[in-house]
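My questions will all concern the structure given below.
Note that the chains take the letters A, B, C and D in the order they are written out, and that residue 1 is the start of every chain.
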Amino acid sequence: MRVAVEQIINGLTIGSFYALIALGYSMVYGILKLINFVHGDFFTLGSYLGYTILIFAAAFITAHFGLWGGIVCAMLVAALCLALTGLVVERIAYRPIYPAGRLPAVVSALGASIVLQNAIMVIWGPRYQAYPAPMIPNLHLLFFGINITLLQVVILVFSFVLMGILYYIIQKTLFGASVRAMALDRDTASLMGIDFNRVILFIFTLGPALGAVTGVMVGMYYRQISFTMGWNYGLKAFTATILGGIGNIPGAMFGGLLLGVLEMLGAAYISAAWKDVFVFIILILVLIFRPTGIFGETTAEKV
Amino acid sequence: MTDERRTTHDVVLETKKLTKIFGGLTAVADFDADVRAGEIYSLIGPNGAGKTTVFNVVTGIYRPDHGNVIFKGADITGKKPHEIVRFGIARTFQNIRIFPHMTCLENIMAGQHCRTSAGLWSTLFATPQKHREEEKIRETAERRIRQVGLARFRDELARNISYGSQRMLEIARALATEPALLVLDEPSSGLNAGETDALMKFLRELIANENLTILLIEHDMNVVMGISDRVAVMDEGRKIAEGRPEEIYNDPRVIEAYLGSEDD
Amino acid sequence: MDDSNPSPVRRLHLYETILLFAVPVLFVVYPFAVNDYYIDIGFYFGIYALLGLSLNIVLGEVGLFDLGHAGFYAIGAYTTAILNTKLGVPVIILIPVSALAAALFAYIVCSPIIHLRGDYLCVVTIGMGEIVRLALINNFLGLTGGPNGVYNIDFPSFGGSFVIDSSIEYYFLIWIIVGVSIVGLIRLQHSRIGRAWNCIREDEVAAGTTGIDVRYYKLLAFVLGAALAGVAGNIYASKLMAVSPESFTFWESCMMFCIILIGGMGSIPGVLIGAAFISLFPEIFRPFAMYRMLVFGVVMILMMMFRPGGAWPRRRGGADLPSLFSRMRKSHDG
Amino acid sequence: MKTLKYLFLVSLLVAVFIPASSMAAKAPVVIGLQGPITGPWAYEGEMAKQSCEIAAKLINDKGGILGGRMIELRVVDDAGEPKTGALAAQKLVGQKEVVAVVSTYGSSVCEPASNIYEKYKKVNIGYGVTAVRLTQRDFKYFFRTCGRDDSQGKFFADNVPAKFNAKKIAIMHDNTAFGKGLAEDTERALKPMVDAGKVQIVYYDAITPGEKDFRVSLTKLREAKPEVWYYTGYYAEAALLVSQAREIGVTCPFVGGNAAINNEFVKIAGLDVAKGCYMTNEPLPADLPYDKAKEFLNAYKAKYGDIPSSPWPIYAADALNIIAYTVDKTGSMDADKLAGYLRKDVDGVPGITGPIGFTDQGDREGVPFYIYVVDEKGNIVISK
């Protein structure tokens, strides 16, 4: 029992990372029907920026704002930088290619991913980088014999708050409604006076910023980052997006969390080496029986 | 239309108590109809009456919840679209669905698919038999493209020709499947007056010269009254009237349900 | 209503005619003019061309997003490796066996998922490719050798007398297979099968109501594509004499995807151009050292900016190169 | 946009041709290095390149070899991928001036590459390739300066259980060719003791490299209650493993393989967690009494700030050293002469990692092992 509960908590933690990254995928897919391969690398870049800030500005920030102040500061700067990067990438790699259709955009996205990943390698070097241990809180908590860390609790709470805010924006505000309308039918939405560029601005700043914050959290949680890690997280997060029903915001959140928990349970009760196989088989089974994901609409095509 | 041509009253297509429900909405309810060989049978009714749904059930895109579709005595209920084409029912769509990035001729050649059989091996090894078949496909397609007057666009991508031409192309593609029943979903929508007249003339010639039956959905009353042998009126998923065009034209139920709605 | 006014058939441009004859000559002469390193580059170009042709069936002709094609490639390579090293089956016999194994795998895996649309199919193929790779790493059934892979694979030989073991022999082996595949694919493109595939890509519903068995032709594309990828796997395995999971990653699938889009969907000359780009570019740009992938990415974006339809999109009707071939053949037939 | 296009093309052309036009001075001796300069193992490639550059510089600063000829290093990238590796090898064998090659990191990349070197008769010395089978192919031109999986596995079986008085052993690997090979060989070496009932392997499983979360595997490990835990993979995962293990309450001693513990490990895991972690390792440069080691280490540290964070780059430097030595001694560039000399006459030649000699198969002779431990200050020292 203790093991199972611990695994589920671990699964939720890793799942919340997937979920936050998946949101970025899902928003872009919803509007542009584009698999945004570069998103995993936004996440990596965010993680490296957070690392750099903690390393170089550590003493100053911690002295003025305390331990958590330093972390918040790293997250904010990383998020801002990535929001900007997101816009730049959209402008350079995607905007000129939209009119040509979605498949060329996929290649362009792959190209952008290669560029970003290798730029990170060139700038920070190919070695693993370690988040500075003194900058990271390491307090253990014991609830009824269940071992979790303070950091884990903070990450979980913070992730859920972020997801809650995004959920609120998308589902409850007028602007969110316009994003959803755009996702449903771009032409009609444009005719109704919704500004396409504003929606693009929104998804290409918020998505990467969320990715960056996740990157910093991952850096703190595991302490160690590498320039290739975005590829792995990106693949998992994209899988989560599909699992939940692509383009569907609550679906992406749920898909991410589910994927994390499945992965941990698969590792615990089947085999650590085969856990990804387990996850992909579940994904395939879900899609066989629900061809548009768990939360996907199952409307028949209008003929 | 002259009555002499209708030499037979053989039923080609028969639907029995056809019902299709989407979620809570009954799109088609207990729809009975019989289409006789050699006639033009039109289905009219206000928007949302379930006409296109009937077409989709007949051509296998939807599976009915109840009821049967009988074609030339065979029960084809729930068969897949490509199987139904093989039985001899071909259709067009309300919003034209051609293959935009293929040439006009290729579009029509695709229609011959179900009447030919060359498989993987005979294609890879280019057997003489495959070669002959390909010639036949090409000849049929050439004949049909001339028939609809699009021969000059033979090698043009289908998306590059005019809307009216695309309509004719879609009909030619359907004809290339060598159907006994041609199912046309609003063929005149989007056409100008001249094109509509040409279409009516074309359909009349078609029914006169070929061994064919036509099932039609049409909004344009001039077309309906001008070429139909019989007309069925649908409202809210049910058939409310059936008969010769002039009978329908004067039927008070129809005027109330359908024509009456235009007074709003 | 007859207008017998056929459009004039578009004639080949001069450069096209030149290319048509010069390119095959170039391919034959090339290996005699350079050293083994450049011949090997030509060989890997051939491997990617074959992989590109195989994915082109699925992605280019039918429009199915397959981002797990490396899985089929892996099945072919490992079938060869395992049967050759464990049972001593000659590599040359294993060419069709690998093709069949990959085709069978594709049939079994794709049957239940073939109805999925667009990106849902895409992610399932990604999952399929990853499952294959992970199974190889985890030493599936004790056969795949785990991360070390399988080694000591023989060279292909014809009855033991003629052994293919030099770079130039491999070069011709792969390009003969590519050539044969191109002929086969051109024939398919100009047959009811190829048209059926294109119809499905254009409009699945309309294809169904035009009498095309959508499910059957989608599966056929996957099976044929997998079989060709399996052949590529066989040759790759015997060339390297060893296979290991690093060669069959998701990245490899992405590169195959790029071959098609860089070249042009459904275009055979396009596939060759795309394969050349993917295989030659990293070699040409070796002097860039760690910057070379950076440049590679930038060029990918630029290509899509300037030629979004691919370097050599398929031309239809009139005289595209493939139809010229078939017309030439026809005139031979009399 | 058009100018941009041309500008780009021109810069590409320039970039391609500049390296070719570099001037040739007094004919240097060219030694190749094939390594993963890009790709997932790029950090290994980078360090190997740095190490070889340092090693070459040390030789050149002393006046080179063969009476004043300089060593020139020619690096080719194999991206840690077999096909690219084969092409890289093919590129080097086509260059007649390349005398011999230091090649490469990763056994599955080395396999096809060494086939090519063998076929084209080019001496190649592996530096990060530990799979046993590589030297069992009766190859004439293949050598390696690093040890084999089974030598370390045997060392573990002979020493570690006794040291910790442990009966229950957990073995964990990372599913890389190296990690898995070492784990399998350790298991094999332990087998006689297992059969005799002296020890018990209570846990044997793999984690996935590149992952960040191993809590699940560790929970399983915790439930198996081992008395010593051997991890055969790399430091990046090892650091995470130990941190996470201590978090969830795994208390048994951690022993890493020779790639598991280094300064980066201490940095990532933090001193609290890292201290008291053990590893089986060849003598570290810092512990080597050899002059070469001190010299190399100081030079490396002076240039890059720290010593290499994995053992392999040092083997790469040694491979380069031994090639230079052999060319100098034989005065020949002929591959057969070099291979013959390496096999027969190189014996106890001082290297960074100790005396160098090769068996008839091309394996390194007598790679010694020690148990190391991370001390209170975070230094990695030989455990008493």
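Annotations for the structure displayed:
Simple rule for what comes next: a residue touches a chain if its C-beta (ideal position, glycine included) is under 8 Å from a C-beta of that chain, and two chains touch if they have at least 3 such contacts.
Just so it is clear, the structure is predicted and the values come from calculations on it, not from any experiment.
Put simply, the chain nearest the middle, going by average C-alpha positions, is C.
By number of C-beta pairs in contact, B-C leads when A-D and B-C are compared. Comparing the centres of all chains, each the average of its CA atoms, the largest separation from chain C belongs to B.
Put simply, the C-alpha centre of chain A and that of chain B have 49 angstrom between them. Chain D has its Cα centroid 35 Å from the Cα centroid of chain A.
Work out the mean CA point of chain B and of chain C, and you get 40 Å between them. Centroids built from CA atoms put chain D at 72 Å from chain B. Chain contacts: chain B has residues 61, 93 touching two or more partner chains.
Among all residues of chain C, those that touch two or more other chains are 137-138, 205, 290, 293. Shown for chain D are the residues in touch with two or more other chains, namely 38, 42, 175, 206.
Taken in their complex, chain A has these residues touching chain D: 3, 6-7, 10, 13-14, 118, 121, 125-128, 130, 133, 138, 140, 147, 149, 218, 221-224, 226-229, 232, 264, 267-268, 271-273, 275-276.
Residues 59-61, 80-82, 85-86, 90-91, 93, 97-103, 105-106, 109-116, 118-120, 123-124, 126, 130-131, 133-134, 137, 146-149, 151-157, 173-174, 177, 202, 205 of chain B touch chain C in their complex. Listed in rising order, the residues of chain C touching chain D in the complex are 35-37, 40-41, 44, 137-138, 146-149, 151-152, 167, 236, 239-244, 246-247, 282-290, 292-293, 295, 302, 306.
Contact residues on chain C toward chain B in their complex (touch as defined above): 1-7, 9-10, 184, 187-188, 190-193, 195-196, 198-199, 202-203, 205-214, 220, 224, 316-318, 329, 333. Taken in their complex, chain A has these residues touching chain C: 29, 33, 35, 37, 92-93, 96-97, 99-101, 103-108, 110-119, 121-122, 126, 231, 235, 238-239, 242, 246, 273-274, 276-277, 280-281, 283-284, 287-288, 291-293, 301, 303.
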